[in-house]
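This is the structure I have questions about; it appears just below.
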């Protein structure tokens, strides 16, 4: 029974982080019609940078419990790297999908070596700083309070994102541009600015996700590609272009992965890839998707 | 408005260019020059050409999938891995040293694995296909790592020197690699190029191109989409496996990093650099890559980062690659459009 | 004006739909549609947008399975058969929106179809260029549709009308028994429309096509070239009659086209 709870809690934690990245992916796809393979790179970037930022802050005498806001801010800050990247992507918006696959893959490769160069090949971790919040008892299992914080934060962001898109003027403009770029431009919308905004927000969702996951796990060179594959599984299950799908898909993938890990603990990496294949065999059409392969 | 072609490498021309027909000759010409290389170059340079040949062969297969059929695989290095490990298992574990047997077995095993993997992957296109191949590539990499009892884990597995045409080479490793093995690999490359040329110039190849151009319409003119794609996938895997054997014999080692996704990225990079729209393009990309990598070896870290950046720049500014650009320039000179 | 007739006696239907209905949930796209096409006929399917013409065509070409009813081609059931099998059995289809292989030449486009028909795919090493029988067939189809001059042009560089012709030509290259054209003259200028139709009819005769079915909006073309008109309205069969009878009935015309404008009042 405790194992089940373990799996559920662990899976939900992972799903919370996965959802952030997937939401970023869906947002960018919904508006720019681009599938950003480099989302994994942003995730890893947030993780590595988060470690560095918190490490530095601790050295400068920051009290441990403040690490959460520092981490989040670090994640948001490094997300700004999305701005220059979006400028490059602009050149291929209206071109065929093969271009976009190749370019974002190029970014994925580039970042891989940036990570290796800046942070080395061995995984980095944050030395239990997250235990500053202690543990909580849920359903007979002790979990780090930090994990629950992250789940709550992720839900909060999901709600905020939804409200932003549905209720605010900017949100409406974003949705209009997503539906029909040319028409929105005809109505006076500066599509370029919207694209830059959306992409950067999408990027930040990724970097924050990576930053938040790193305290209780680690940042490694494999993070980026693993996440791309997982995000793909989320998209397969939840459908491309749907926020609800991102939520449901992230939950399912997170839980499936946690279950796979508890059954074959050696096979953590393997389980991710198996989850993808399983997802495809079981749900090739997606649950809410608007686009197909 | 007509459907834009997904062939990223071809600019719009009114007539088919003359140079396109001679792609095979370009490649064979290159290989002929390589045959003369041992007379003028240092052993180091000659050995450097061996990975070029391994990659070149693998890229012939990769481009059948990408340039001809329009399927971009991010996991093609999987078959470099299957080829290399087949060579390792056969020579090291079973003492089978016939190079011909290594090639045939690697081809068979790569083909069988690709049949299973492809049956799932080719049901999808574009991003989904790319992601699936990425996932399978990494799955294989994980497998190589985790099952270290069989595969040697991150240490890899040794590959012993094979017998070429039944003959054993009793001399040193360098002499073997720069002598008989070099010419054998060259001849193999030439033969496989000829075979691939025939494939792309056949009605089968035409059907593949039709699928790339407009899969929906292709079905309506009788093209069996799934079957064709799967066939292309298997053929590309066979070529990949053979390339892997050459790589493995050259280094004497089958390494799990051969199947890592960045290695697949190398293949993509080579194809785009050389030009996926021409027959000789990918091989030229392989040559450029091998030379550049060696030249910039002293600043390795920067080189790898630059590679990703160059890929991005290529896609933006020169998606037809080196050979495509060359073809364009030559045609401009000749006055054709 | 007398429609050109593909001379042939009327016999057993080449294809027929028997009480076909297609439902999407509660929405009936087609209700109880039965019609047949026989040797030598040129049948036009007409109807306002949303009448179910495209659905009918998709059912008839084996792309969709009817919810109720049967579709038979040459006596055999073709429900859900799929485009490749359909082509093999002898029915080919050309599309409304221009559907080409952008980077392939006209010759290559036709060769794709001919290669399918002649089953040249099993050996990946045989030569395309030196396959005389295949190339001869390609040239024959090109001749019949007036595309000889364009054989070595790349498809994306052709004019709109030429692209349409290539699309139709590739349908012809399958040597079909029945050819189905989805708005063959849409997006084409009026002058070109008639020339395409003329080419079509002559080509069909020359190629041994036994029946043509088209979906068309242009009623002038329909009146001039069809032997029969099948009119759909909101998923049901409204009429199945020769053009003379159809156009003699104003109720028919208004149902399909909308009311014909009243004679203009003279300006004072």
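A, B and C label the chains in the order they appear, each numbered from 1.
The criterion applied here is as follows: contacts are C-beta pairs under 8 Å (C-beta built on N, C-alpha and C of every residue); 3 or more make two chains touch, one makes a residue touch a chain.
Computed from a prediction, not measured in an experiment: that's the story for all the values here.
Asker: Report the chain ID whose CA centroid sits closest to the centroid of the full protein CA set.
Answerer: B
Asker: Compute the centre of every chain as the mean of its C-alpha atoms, then state which one is farthest from the centre of chain A.
Answerer: C
Asker: Once you find the CA centre of chain A and the CA centre of chain C, what distance in Å lies between them?
Answerer: Chain centres of chain A and chain C, defined by C-alpha means, are spaced 49 Å apart.
Asker: Distance-wise, how many Å sit between the C-alpha centres of chain B and chain C, to the nearest whole number?
Answerer: Between these chains, centre-to-centre, one finds 43 Å.
Asker: As a quick test, compute the distance in whole Å between the mean CA positions of chain A and chain B.
Answerer: 33
Asker: Name the residues of chain B that each touch 2 or more other chains.
Answerer: As it turns out, chain B has residues touching two or more other chains at 4-5.
Asker: Over in the complex, which chain B residues touch chain C? Could you list them?
Answerer: Residue positions touching the partner: 2-5, 7, 10, 12-16, 195, 198-199, 201-207, 209-210, 213-214, 216-225, 228, 231, 235.
Asker: For the complex, give me every residue of chain B touching chain A.
Answerer: 4-6, 8, 70, 72, 74, 120, 123-132, 134-136, 138-139, 142-143, 146, 261-262, 265, 268-269, 272, 301-302, 304-305, 307-309, 311-312, 315-316, 319
Asker: Which residues of chain C touch chain B in the complex?
Answerer: 82-84, 87-88, 92-93, 95, 98-105, 108-109, 111-113, 115-117, 120-121, 123-129, 131, 134, 152-157, 163, 167, 170-171, 173-174
Asker: Mind pulling up the chain A residues that touch chain B in the complex?
Answerer: So the residues of chain A in touch with chain B come to 35, 37, 88, 91-92, 95-99, 101-103, 105-114, 116-117, 225-226, 228-229, 232, 236, 266-267, 269-270, 273-274, 276-277, 280-281, 284, 293.
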